[in-house]
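Below you'll find a set of structures to go through.
The two complexes that follow have subunit A in common; it is paired with subunit B in the first and with subunit C in the second.
And then the complex of A and B:
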């Protein structure tokens, strides 16, 4: 892996000097690349970027999100995806191309209040995002506890190759579905397990940038050290994990439970 | 103008004990309003101001939305208990004007094109006022905007300078504002070296103006350091160094 340089920045700080390519959350001003967010810089030969540590969810195409059906028109459902835009799920996506507003009853498939996990099919800022539930593992979520965390903490909650979320799922015998918009559904038969998982998720959210977080979560959930492969024993700066995990999350498909495929490799 | 007493004594000490190029104590706390996307509480001398930022979020009413960029809405408001005599909570002419100039001071720093059809709402609530509240408000709002994770070209730092007893002083307080010769609030983008707000109440000759502007910018740079350390403390704790 090539060498990357990291440092903490606030908006207006110089990320790097010279002829680097500005990637995300940065812009070029003369010979310098300037940060637009609070976060951690990452500059390498490929370019310079900032991993933000704060912010609301802003949709991107191909993100997996969890949303709540608000209403439907004769042709689409409108869905709250925890962002500044309402998302739309076309009825044809659910009923197929021969959908007919006169014959098909949209309320029978999805009604307002339902929670769905969906992928953003199209989004280009000029129009509201269009969702799809056509892929595997997408669609309605029948039961579970809904919780919201900051979208910037999602990569940390997943952990390196899904380590954090797997730890929590195994220890609490729950299924955790994570949307990149910061909405999470925790489901399981054991109510105590669900409560424990929610507590653990909240701790991860608050302490995302602290050292040895996975260890402390394991202690909280009474996981024996040997049971789960420890891949998180770096002395500090675990926020770094978000850097790679964010990329991994984007490129990794979710499995049936909506959690990250543990074989996803970088 | 009638000056009842000298505002700077023979040793160069001002009415509140500062020397002419000294800021009041500034303290910024980030993330004080949980419901907001970003927030900050600033204590600028006796000023106490909360700034809260929401957004980017949906625009209501929808016809206000712009198709190519985000709208910024700013409300500067003084609480009824923020002054000696009760201030009516209804928005006054002064507050409406300050809301507008604060919005215009912050807009150049925001990359609004990144959020078309959305709105960014900035609320600035003055809990206790002591002169220079617009500067303190801008400073707090810039921190709150950064805390909200809105794309910014630079931070905005604000500080006033002015003329008191024919001397150019930095960071005018309430007494100096009312009894002094001139008050010049300046908002500044420290890294891009650009001025986003410049107002002047009073009279200055050209040399005094230049000196005053220079001093105000020096004040802004000091304020920027405090903004930076408050944000760094919130997000990175005590780890401030580079890491590889």
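And then the complex of A and C:
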């Protein structure tokens, strides 16, 4: 991809001018492409977009999220997915088609305060997202340490094809489950490893936009010199990592079974 | 009992487990010790049109208090003392769990507990705020707006009120021809002591000072103790269904004194700098 100059923008700033395709977090106004978020611009022959530096999680269909059960009605659970939308998990998703509100006790399956990893099955902006746990690796997470980071930092934490998260998991012998909504569960037998992994995640969150991050994380985790690749010596690559599209995310997720099966369901 | 407008804060079960394990090891999730309070920041005279004001940050909890002085009739039975009215409001911007509307019972309790600490410590010598005994007295309003909620509103609001009152300048009113006249001059408020509120909560068998919002969502019981400059207990408020043993109450009272002394010194220093 041919790169052009990057700049920091705030909502209303011009990202690029000309006949470029408006991609994400931008809109077209006449000949200009305008930003809708605070972030870094990225223009190429494919189009212009803004990579946000901050913001809340905005749901997308097929995203893997980690949610907190708040309550349940007779037909569904309501789930906090760290977003402006409240998600719902239909009871049929857990009990099957022959679910009966009179006979099945929803509270015994999932109760308030439980953590689940789920996929956003349906979301169309007009209604609250509907979740599903009907898939391998999805469901309740019984153990682990819970941490929250900004959802805009999630792509950087995963890294290119999962490089960053694999590095952390491998070096600390932990299993890390990442939700696209910025909720992360770290589990492992070794407490020190878990603490180290949490520290590494926090560093990635704070320093997501800086260069040589993977290298510094590897040094922090005492990964041998030979394994340190400078895959992100240029800041531009850092930004590239954060523009992984939805398909790439999901392939990253499914490729890396260890990331999601910390719930023991696998 | 009225229904709280606040939506409940649900702490994840995993987080609760983490918290219990951490507390039993003597450390809290935010790296504080069990009887360690969060850093206090105070800025006084932040509202130019008020007689006195303070902006207090206790960790991420933020409270703004403003003092307004008027004259009016004294309260019944307190004809020879000025009137002091302390109110509190949790603004909807302060937390996603707060809805607009009339104050819920927790906010009313907050205002009452803060008011009690200041009133019972006799921080202001109200007998000096009388213009015509039984008829016209100074009426001092201290209105508190909570602008960010991260637990322990009792202490943060109390510090804000104390800072606003300590740093305020009262207008000098006079009676001329049976009329109240504002002379345009100001006077120092009749401060006698600095009350300090210290809140302790119980989670399981452990006692924690200055809880944050997550700890408040998990607490079994809460005890707020206000002490005056001499270290005497002037007000107490116990909340929630959980219990404290006699020894625990004694321990908490001791902490309220010792910690209160440190906080008082800090409050006085910060108010002095701000003035």
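Structural remarks
Methods note: the second predicted complex is superposed on the first by the 228 of 266 C-alpha atoms of A that agree within 3 Å, B and C clash if a C-alpha of one lies under 4 Å from a C-alpha of the other, contacts with A are read in each partner's own complex, and residues count from 1 in each chain.
Methods note: a contact is a pair of C-beta atoms (placed from the backbone, for glycine too) under 8 Å apart; a residue touches a chain by one contact, two chains touch by 3 or more.
This structure is a prediction, so every number in the text was calculated from the model and none was measured.
Clashing of subunit B with subunit C is the outcome of superposition onto subunit A.
If you count the residues of subunit A touched by subunit B and by subunit C, you find the higher number for B.
In the superposed pair of complexes, A:109 makes contact with neither subunit B nor subunit C. Touch criterion met: A:145 reaches subunit C, while subunit B stays clear of it. Judged by the touch definition given at the top, the superposed model places A:68 against subunit C, while subunit B stays out of reach. When the shared chain is aligned, no partner comes close enough to touch A:163: not subunit B, not subunit C. With both structures placed on the common chain, the touch criterion links A:43 to neither subunit B nor subunit C. Residue contacts after overlaying the shared chain place A:76 against neither subunit B nor subunit C.
Looking at the shared chain after the overlay, A:185 reaches subunit C, while subunit B stays out of its contact range. Clashing C-alpha atoms with subunit C appear in a single stretch of subunit B, chosen from 1-9, 19-27, 73-81 or 199-207: 73-81.
The contact sets of subunit A with subunit B and with subunit C never meet. Those residues of subunit B whose C-beta lies close enough to touch subunit A in the complex are 37-38, 55-58, 67, 109, 111, 115-119, 146-155, 189-192, 227-228, 231-232, 235-237, 239-240, 242-244. Within the complex, the subunit A residues that touch subunit B are 3, 5-8, 10-14, 25, 27, 29, 34, 36-38, 52-56, 58, 84-86, 125-126, 152, 209, 236-237.
Subunit C contributes residues 10-16, 18 to its touches with subunit A in the complex.
The touching residues of subunit A, when paired with subunit C in their complex, are 68, 70, 80, 112-115, 141, 143-146, 185.
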